[in-house]
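Should a chain be cited, it is by its letter among A, B, C, D and E, assigned in written order, with residues numbered from 1 in that chain.
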Amino acid sequence: MNHPILMATLLLAPFVGFLINGLRYKRHSANLAGVIATTAVVISFISAILLVVDLVGLPPETRVISVKFFEWISVASLKINAGFVLDPVSAIMILVITGVGSLIHLFSIGYMHHDAGAAKYFAYLNLFLFNMLILVLGDSLPVMFVGWEGVGLCSYLLIGFWFTDDQKAAAGMKAFVTNRVGDAAFLLGMFILFLSFGTLTFSEINQLAPTDPTLAWMNPVTLGTLFLFIGATGKSAQIPLYVWLPDAMAGPTPVSALIHAATMVTAGVYMIVRLNPLFLAAPNTMMIIAIIGALTVLLGATIGMTQWDIKKVLAYSTVSQLGYMFLACGVGAFGAAMFHLMTHAFFKALMFLGSGSVIHAMHEEQDIRKMGGLKKYLPITHWTFFFGWVAIIGLPPFAGFFSKDEILAFAFFSPLGHEALWAVGALGATLTAFYMTRLMALTFWGKSRVPKDTHPHESPPTMSIPLIVLGVLSIVGGWIGIPHVIGAILPGHPENFLEHWLHHSIKPIPGLTPFDVTTEWVLMGVSVTLAICSAFVAYHMYVQAPQKPEKVAKAIGPVYKVIYNKYFVDEAYFAGIINPLVKASKGLWYYIDVNFIDKTTYVISDVVRGGGSLVRSLQNGNIQVYAMYISLGLVATLLFLLVR
Amino acid sequence: MPLGGVLFIVVFLIAFGCLMLWLASKLGTQKIADPVKYQSYECGIPVQEKKDTKISVKFYLTAILFIIFDIEIIFMYPWATTFKDSLAAGQGLYVLLSMGAFLLIFIFGLFWEVKSKALEWD
Amino acid sequence: MLSTDLFTQIGLGHYLVLSALLFCCGMAGVLLRRNAIVLLMSIELMLNAVNVSFVAFSRYLGQQEGQIMVFFVMTIAAAEAAVGLALAVSIFKRFREVNIRYFEHLKG
Amino acid sequence: MGRDSFEIIVNGVKMIVIFLMMVQVVPILVWLERRGSAFIQNRFGPNRVGPLGLLQLLADAVKFLTKEEFFPEKGIKFLYYAAPVSALIPATLAFLAIPLGAPIKLDTFEMFGQTWGPYTFLIQGYEIGVGIVFILAVSSLAAYTILMAGWGSGNKYALLGALRASSQTISYELAMGLSIVGVILLYGTFNLTDMVTSQQGPLSFLFQGHTVTLGWLPNWGIFYQPLAALIFYAAAFAESNRLPFDLAEGEAELVAGFHVEYGGFKFNLFFIGEYGHCLVASALMVTFFFGGYQIPLITPDEMLVHVQGLMGAGNAAAIVNGLLHHVVFLIKMAVFVWIFIQVRWTLPRFRYDQLMDLGWKTMLPWALANTILTAALIYVAHT
Amino acid sequence: MTPDVFLFWFLALTTVLAALGVIISANPIYSVLSLVMTMVGVAAIFVTLGAYFLAGVQLIVYAGAVLVLFVMVLMLFDLKHEIHAFTRGPVTGAIKIAAVGLLGGMIVGAIALSANSLMKTENNGIQTVIEGDSTKALGKLLFSQYLFGFEALGVLLLVVAVGAVALARAKGGTHAQH
């Protein structure tokens, strides 16, 4: 097949869907819009599969399909093409995006069928996919940035989808503004890279990246990667810019699943993986990424333990899981990061959709204190959610186990890693097991606390089919990256397929020695045991002895309060950044703008107006007088020419 | 030189016309003064004294459209003379198509005028 | 010198002077007349003056481009006259008069 | 007396002769029209003055000259008198540009004690390279005569008639101009003489590299451009403001159109102008579509050989040959003039809106279609 | 004085006088008729310059079409003698006349001053003057190098046709009385 045509189909199918639904959003019914949008994405998915099949057919060394559509910007030495490139890394991404995207579109048909603005919703969703694909496939930073900004816009639009609610509109704004900070850093990083490398194309940057790492801080590579990483923290909700993600749960639940769990938030991780040779050349940045990632794991997990809103719990869990990916990036395990990105996309999308199903069943109730015992009402949702749960807490042989343990192993063994990082990761896994079990327990198990006037019911097939598919993927998704130690004892010795696949796209960590098999088994056992124990504790606390949690909370009172209030980060931001900024702006407005600039312009305009009223008498509207001026001008010109 | 011939015949014609008019006025019968005779001829009824003669805007609209279409037709003349030469030079299709584009605009204009009822006389 | 050739041989200078005189006549009309239609006619006169010099240059410099330009100028002049007169008719319908000062009302 | 002056005088005399011939044809036409219409309408027509009423013309001329000089009190003097004087100019100028006979090639001859020639004498007022354009240009000036007359009479019927007439003229000028495009495409020239010479001999044309010849048909334009001929002739009717297109005169509503206030010889001048237009239109029909002055299937040169066979070589033969072709031209023209008359007395009038519709919505599109078709056919035939 | 020179002077004189008539006559009808005379004169001057086809076009387009329109519009308006044919204002009037006079004087002066060089170009140019069928050359140029301008003019004419009809039909935009 023709690659440019396939690529164009892949990219433009969602865009066409966006146009169809977006231009006629008042006419299309929810179902029609949903079918159109889903068809568009499925077309995209099919072309993605065809493209990836072609990609597999290429020899591993040159496994790249690049397509250049037209020259976009050409200024002096800056030449940017509207070029797109498909390599093993982006292949994983487009499959995840279009595949999970199709499922979520399908789910949305059922979820949004009662909403008046469904066509608009589907239009936004399609636009999002279009931008996400541009982000993923773009062959240079500016092209990626187009998608980067585009997904930001769609995220804003979809978080504030029910904009008549002030809080939800504000949540959208928060996401947008927070992302702006990151985007500014991203742009700065881009400028620095262009200054030092003279190009913005990924392949060229990666080729030009210095091979020996530099430890200097004020080095363009370090600074550039650092700024890019700050950009990534904005989009991927890491400390310190994670605050928007929990609020983003104001949007429709499938949006949370698609944008704020599976795809957009992983953009930062993806960007770092894309530029992995460059980041490897900046160990300082890598260290910061690892530390930030580890901290975010803990932060997300702890806050997640205390939340009562089913979506908030999942949101903090997402923050925490994204922390794992950054931790992986930070220790140089880019393949592991991609692996976790993929498995996370499966199980977190599954859980979000499951929560959507629950919320749908509970008539828009999100507080888990008012749920419980939903197992018997929502069997499909429960069982699929159950597989998501086992995947995320890292029980072998489910998806999360393989990816998380690979990250932990790298954190331990990698020369860029540290035992402390492994410890934090393992602690995070323990906490994850706790809060996820808590969520399961409070929602599905135990006694029903459902208010009498709500009658939970199982969702329609359009919603349950995606759940089932994702549930299966959550089970088997991890099997493409089975670590060597486990592969060695399994019958048939399955090899680590993912590692092979990414082999040529990802630079190996310098100085990495083969893992010590015994240590690896021990580490694996420790983390799995911790997780299982923690899950049992949680099960005990929330199912068998429901009064215990309160006691524990009281016992650790102040700590609990701090965590429950999300470490007062929002408040701190308000006090430390936003309020001073607002005050300073007001001061600037009053003293500089009103009293100085405005007055100056008034003086200027008064002078001009005075002069104008003098000159106005010349311009009396009589064209013949104008013609006279023209002829006088002619006379003057001729006179000048003659006298000269 | 044709120009001289044209000028000559024009001068001759004017002279001829003037001469004839002069002859006619000399040979004509004597005038019989009668004020009614010199009034405008309006079939015998008393002359209507109206300040503004209402003339339909259509006349002048026709003239405007005439100008425009006339110029477009004039543009075809040099094309028509050179068409066979261009054919011989092997540029036939190019010249045919370039005039085709022009004619398309022409036809569209004509069609629009007919459609917009600018050419209707009531 | 021009004076010796003035009545013996016609050259480019003759046509250019003629063109200049016609142009000045047209300009005087534009500047001095009050009737909008006479104004339009004066503009046509100026355009014609320019055409004369175009053709004269085309002839004496041996280039056909001048004639092409004249062709274009004629077309545009005719288009201008058509639209100008349409405007004049509109003005006349409104004010029953085509004095140029009524065209000042078009401002603002 | 230099040769230049002689040639100038000869040419001047020639032009005046052609003009006078044209003027003299008019009374004959008037007689023909009156007799013809009488014949069509089962009447006698003028038959008292002279044999067959032929001297009626003379009587009319005398009557015109002796009518009372008249000037309407509301008229504008200059325009009122300028209009009839200028009425003759367009038709005459156009007529003089049409080749009326084969050029007479004279060898050297003795006259006034000097040797003259060799000399080519055109039976044509002046040969103009851009003949068609010239004719269209001068006939477009005819509108002023009408407008001056209408405005100068100070009569609202005259004014309305003038407006109608000029509107009608310009409307049909489009169809006429566009039908001529087909003719120009066919001949590839503006020159009328070249057109006539390219119609000589039997019908033969090039098609896809093969020469197709039909020996029994003359190579006339009518066989290539029948539609153009039809449109051209119809438009010529309208341009000369004759029935069935005489809306400008419209006796019922406009009395007599733009010349309602004219009488005597002034009216006669308009009359001559109108007939002049008929003559020009007929002459152009002949030139464009019917081989001009040529005898069908025989070229003028071949004819010259025949004539020389009868009379022996010499200037006399050349002159006879030229005049012979001139007569042929006149005969052909007479046919079309007669059609003018016949149509006038057989067809009813149009209504004004029908007239405009015919011009703009029927003839213009058809002329356009003819142009496109001609270009396409020429393209197909030559590739 | 050869016939060429005589013709030029005759035509130039007629044309300039007619042009003066355009701006001097108080009755717009006479202005138009003078303008017709000017156009005919200009066409004749084109003929003396060898531009036969342009002369014909000049007559057809200007004399035969544009000025007929002028006459018709004047008849439509029925404007007879104008009492105030010229603009008022002695100062601006004086400036205007002075401007025109200066401009004319300077152009003529400039041409007179550069007469020698003009004669030279004439001598250079006279060999390259295209004496043959200039219409065909015109057509070929028009359909090769100036094709875009030609097509653009087609569009312009279309726009003018639409615009003029719309204007003529307008009942009078924002200043409408009714």
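The definition used in the following text is that a residue touches a chain if its C-beta (ideal position, glycine included) is under 8 Å from a C-beta of that chain, and two chains touch if they have at least 3 such contacts.
Predicted model, so just to flag it, every value in this text is computed and none were measured.
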| request: Touching both chain B and chain E: give me those chains, sorted by label. | output: C, D
| remark: Winner on contact count, chain pair C-E
| Most remote chain, CA-based centroid, reference being chain E | A
| request: Select the chain at the greatest separation from chain D, using centres from the mean of Cα atoms. | output: A
| note | So, in whole Å, the Cα centroid of chain A is separated from that of chain B by 75
| note | Cα centre of chain A to Cα centre of chain C, whole Å, reads 68
| said: Using Cα averages as centroids, what's the distance between chain B and chain C in whole Å? | reply: 21
| task | Let me have the rounded angstrom distance from the C-alpha centre of chain A over to the C-alpha centre of chain E, please. | result | 71
| Junction residues of chain D, two or more chains touched | 128, 133, 159, 163, 167, 170, 173, 190
| message | Give the residues of chain E touching no fewer than two other chains, as numbers and ranges. | response | 48, 53, 57-58, 60-61, 64-66, 68-69, 72-73, 75-76, 87, 96, 99-100, 103, 107, 135, 138, 142, 153, 157, 160, 164, 168
| query | Mind pulling the chain A residues that touch 2 or more other chains? | reply | 624, 628, 631
| query | Taking all chains into account, which pairs touch? | reply | A-C, A-E, B-C, B-D, B-E, C-E, D-E
| message | Touching residues of chain D toward chain B in the complex: what are they? | response | 8, 11-12, 15-16, 19, 64-74, 81, 84-89, 92-93, 96, 125-128, 133, 153-157, 159-160, 163-164, 167, 170-171, 173-174, 177-178, 181-182, 184-185, 188-190, 255, 260-261, 264-266, 269, 352-353, 356-357, 360-361, 364-365, 368, 371-372, 375-376, 378-379, 382-383
| said: Quick check on the complex: what are the chain E residues that touch chain C? | reply: 1, 4-5, 8-9, 12, 15-16, 19-20, 22-23, 28, 31-32, 35, 38-39, 42, 45-46, 48-51, 54, 57-58, 61-62, 65-66, 69-70, 73-74, 76-77, 79, 82, 84-87, 93, 96-97, 99-101, 103-104, 107-108, 111-112, 115-116, 118-119, 121-122, 125-130, 134, 137-138, 141-142, 146, 149, 153, 156-157, 160, 163-164, 167-168, 170, 172, 175-177
| note | The answer for chain E against chain D in the complex is residues 29-30, 33, 36, 40, 43, 52-53, 55-60, 63-65, 68, 71-72, 75, 133, 135
| query | Touching chain D in the complex: which residues of chain B? | reply | 2, 4-6, 8-10, 12-14, 16-18, 20-21, 23-25, 27-32, 35, 37-43, 48, 53, 55, 59, 62-63, 66, 69-70, 73-74, 76-77, 80-85, 87-88, 92-93, 96, 99, 103, 106-107, 110, 113-114, 119-122
| chain C residues within the chain B interface of the complex | 74-75, 78-79, 81-82, 85-86, 89
